[in-house]
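The structures come next, written out as structure tokens.
Each of the two complexes below includes chain A, the first together with chain B, the second together with chain C.
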Partner chain A sequence: MDLLGFLFDGFSLPFMARAAAVLAALSLVAGVVGVLVNLRGLEFISDGLTHAVFPGIAVGFVWGGREGLFLGAMVAALVAAAALTLIARSAVPTDAAIAVVFTAMFSIGIIVVSRETNYAGQLQQLLFGRLLTISPAEVVQTIVICGVALLAVTLTAKEQVFRAFDNTGFDAAGYRPLLLDLLLNGAIALVVVTASSAVGTLLVLGLLIVPGAVARLVTQRLWLLFPVAAVFSGVAAWLGLAFGFAASVDLGIDLPSGATVVLTLVSGYFVALLARLAVDRVRAGRPRSEVAS
Partner chain B sequence: MGFFEQALLAAVVIGALSGLVGALVVLRRRTFFAQALTHATFPGAVGAAVLGLSIPLGAAVASVAIVGIMALIGRVGRQGSQVASGIVLTAGFALGVLVQALNPTLPVQVDSFLVGSILTVTNGDVLLAAGVLVVAVSVVVFLGKEILFSTFDVDGFRAAGYREWPIELLSLALITATVVTAMPAVGAILAIALIAAPAAAARLLASRATQIVVAAPLIGSASGVIGVLLSRALDVPAGPAIALTAATFFLLALGMRRFGASRIRLRA
Partner chain C sequence: MSSNPSPVRPADGPALELSAASFSYGREPVLDGVTFALQPGEAVAVIGPNGSGKSTLLKGVLGLIPRVGGTARVLGEATAPAGAVGYVPQTEGLDPQFPVTLEQVVMMGRYRALGWLRLPSRIDREAVERALDAVGMTHRAKSRFGELSGGQQKRGLMARAVVSGPRLLLLDEPFNGLDQENRDALIGSLERLKGRGVAVLVSTHDLELARAVCEKVLLLSGTQVAFGPRNEVLTLDNVQRTFRDVGVEMDEHTVVIPGHEGH
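== the complex of A and B ==
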């Protein structure tokens, strides 16, 4: 199969096109939210959120099937986002507390799923996603929710960046951090909910933090971070999907698409990392060699 | 010894080890690091199962590789340790599930790596955990003072003429060994609860560091045993039951501290 065929052939199939649409919407919003996660250093809190949403997904799934899954995840995510915002403001918080509370919620989710027949198969589906069996209705849901999250973040982008770089100045300027934190954590939660059914609970974090980290490696210009992150995650998602498809069609190996997408993201990250290291080394080496000569 | 008694024994040993090393994790603020490490053992375990090697060995090899990669990322400007942990964490899960998909005939239940299955631990698992526990206890007994000094006052520690990296390396090694040995019992996802909760609970109520180091292993063992008993009584998976018990201890400690207003506030 030639390169163009590798990149485009699979997407004429409806289920591949649906997966691509979902991933395109997710990449756009995850790129933008991911840069803010990176700038604010919210990686750990995002990880907590992905764990906290899991019991909602599990309860919704057990009660209402796939439609219930969405509703349950939404409720859990919004509650968790509010709780996290408040925990982060109270005096007690440590990263240990966040880890403990959200791992406990994750345990509740696993116990709920374990009541089901075919426990192992369903657990695997919830944890690692089912990108290729997304229904048309779910595509619409994903795009709408991603749109809401994107709107919430872009409308407050300037304030979010201000808070990320100069928290004291932000307070002094009279802004209200609570509302802003709620908005950002809420947007992260929405991304987690939509991405959970696509790439699975355990792989969502990759979508949230890898694009932002890559953007930080690629450019120092603040407003370039957002488009770089979104474009990078879009391209990586596309390549990952195409790769998974090619593997299953040409080689007969059934690879989970969520995993190939996330691994493509991570490989892209390491390419960017090595390139950055090389560039830094060349730049650092140059003045010294000039002095020597 | 029946399998249930063996599970109880494993719960006591692994709980004590997790609690003791958890004190290091919590006091040195390495929770996200430890969490990334627990998640990253997953591909190592799957890989070892595919190759027919010992599971803890595979997990240990993966952990060492992970620590190296995280150190590399942490050194690059504009990245930092949180990014390193997060990236390694998702990469670990993606890699693990991919390796599993490449080997559909794998004889082992992969989700037992994720949420643990303490009822099927082997004698080797328990012996390994006991060995690591002995090492951890002797480290705390012989080097406890130095570790505490470097944890609470790095600058003072350096100024007093100590070198920092041996302590850092030692605590990394202990954390890694604990993560690897705790995995059969509570799995890659839930291990962090058993590691962080007992120590976090102990820290809330203790007024001295020594008390934390003594109380955390006790709480850890208790969480393990109560979790296994609950798992049998209520017919739920053991890994989540243990994690939830440990988390309950933490929440109880939080409540007791809130209401015990007479207690002097611990800074840190």
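== the complex of A and C ==
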């Protein structure tokens, strides 16, 4: 199969086109939100959110089937985001509190799902996603929710960056950070919810954190971080989908699509890391006069 | 220095006025019994050992630490008017790897006045240029903030604090570990700001700085030890009472405090 065929053939199939649409929306938003997660150092909180969303998804799924899934996840995620924002403001050691609350919620989710007869299959879908069986209605849902998350962070981007850089200076400027934190944690929660159905609750973290980390390796220019992260995750998601499709059609190997996409992202991270190390080494080897210019 | 300068009218009264003020995070006051006034164009040095409440006082004035007793008027208001007070924090808490340039940091000082949802305009960029020029850092405008030396970072944060034309400027230990060139640059900037009627409150344990820019001195040791004109307050007796737990020696120019850099 030629390169163009590899990149584009699969996407003429409706289920592949839907997967691509969902991933395109997700990558763009996860990239932008992920840069702020990176700058604020919110990786652990994001991890907590992915665990917290799970019981919501599980309860929604058990009560309302696929239609209930989004609603349940959304409620759980927004409640968790608000709880996190408040925990982070209190004197409780944040990491321990997050770990306690959210592993508890994850366990509740597993117990809820385990009451269902088709336990194993459903659990697998929730944990690892079902990228290739997304319905047209879910595509629309995903795009709308991603749009809301994107608005929440882009409209407050300059304040988010100020707070990330210097939270004392931010407070001293007369800002009250509660609203800003709620918006960012809420946006993270929305990304987690939408990404959960695509790549599963356990793999969301890759989509949210890897693009931001790659952008930090690629550039030190602040406002360039956001498009770099978004474009990187979009390209990696596309390649991951195409690779999974080619492996299935040409080689007869069925790769789980969500995991394939995340592994493509991670591969991209290592490429960027090696490139960064190489560039740094070349620069360090130069005569001093050039470095100082 | 700013597109919206705030000319100080003499009738405005003190920029800062505290009476028996105490500040606390919880139940126990961290700092109490603070009574002093700071006039426009005047500088007060806040001097005391680590943990004496210097940072607490600055954060209390900013409204970041609750006042639990006494009264306070900041620029004539009960709480600091948003954006009207410039603040130069210590640089130690800032991530040197953060991908932000010096001019982007200074622009942050415009955000509050600019408001939500609005992007900086030409007016804001010009204000940033003037602020950088005023602290002599124009040549490093495009440098990453973390690449600058400690003193240059301080001057950058100074530019950020004044870029919106505050009438009251608070500096938290601005001279820690600075070389002579950066000290001179900061002292020069402070003098010019005072000349324009800006009131300055600076925490330090550097008597040389206090002598260079501050007319008055406030000695703190969990509570107020003394306040008044520099030469009346900086007596050996007062300084020993302020630093009684750490031990202190003092001559014409220097207080030697164990554990601190003795300038």
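Just so we're on the same page, the second predicted complex is superposed on the first by the 286 of 293 C-alpha atoms of A that agree within 3 Å, B and C clash if a C-alpha of one lies under 4 Å from a C-alpha of the other, contacts with A are read in each partner's own complex, and residues count from 1 in each chain.
Everything below uses one rule, namely that a residue touches a chain if its C-beta (ideal position, glycine included) is under 8 Å from a C-beta of that chain, and two chains touch if they have at least 3 such contacts.
What you see is a predicted model, and the numbers here were worked out from it, not measured in a lab.
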{"item": "Three-chain arrangement built on chain A, chain B and chain C clash or fit", "value": "fit"}
{"item": "Contacts of A:L39 with chain B and chain C, given as first, second, both or neither", "value": "second"}
{"item": "First (chain B), second (chain C), both or neither touched by A:R216", "value": "both"}
{"item": "Partner chain(s) touched by A:K158 [first = chain B, second = chain C, both, neither]", "value": "second"}
{"item": "First, second, both or neither for A:V100, with chain B first and chain C second", "value": "first"}
{"item": "Which partner, chain B or chain C, touches more chain A residues", "value": "B"}
{"item": "Partner chain(s) touched by A:T168 [first = chain B, second = chain C, both, neither]", "value": "second"}
{"item": "Chain B versus chain C as contact partner of A:V235, first or second or both or neither", "value": "neither"}
{"item": "Contacts of A:V148 with chain B and chain C, given as first, second, both or neither", "value": "neither"}
{"item": "Chain B versus chain C as contact partner of A:A21, first or second or both or neither", "value": "neither"}
{"item": "Smallest separation of CA atoms, chain C relative to chain B, angstrom", "value": "5"}
{"item": "Shared contact residues on chain A - chain B and chain C", "value": "216"}
{"item": "Parts of chain A lying in touch with chain B, wherever the complex brings them together", "value": "38, 41, 43-44, 46-47, 92, 94-101, 103-104, 106-108, 110-111, 114, 120, 123-124, 127-128, 202-203, 205-206, 209-210, 213, 216-217, 253-256, 258-260, 262-263, 266, 269, 273, 276-277, 280"}
{"item": "Chain A contact footprint on chain C (complex, rising order)", "value": "59, 62, 64, 80-83, 85, 87, 89, 93-95, 98-101, 104-105, 108-109, 111-112, 116-117, 119, 144, 157, 160, 170"}
{"item": "Of all residues in chain B, those that touch chain A in their complex", "value": "25-26, 29, 31-32, 35, 39, 72-73, 76-80, 82-83, 85-87, 89-91, 93-95, 97-98, 101-102, 104, 109-111, 114-115, 189-190, 192-193, 196-197, 199-200, 236-237, 239-241, 243-244, 246-248, 250-251, 254"}
{"item": "Parts of chain A lying in touch with chain C, wherever the complex brings them together", "value": "39, 155-156, 158-159, 161-162, 164-166, 168-169, 171-175, 216, 219-222, 225"}
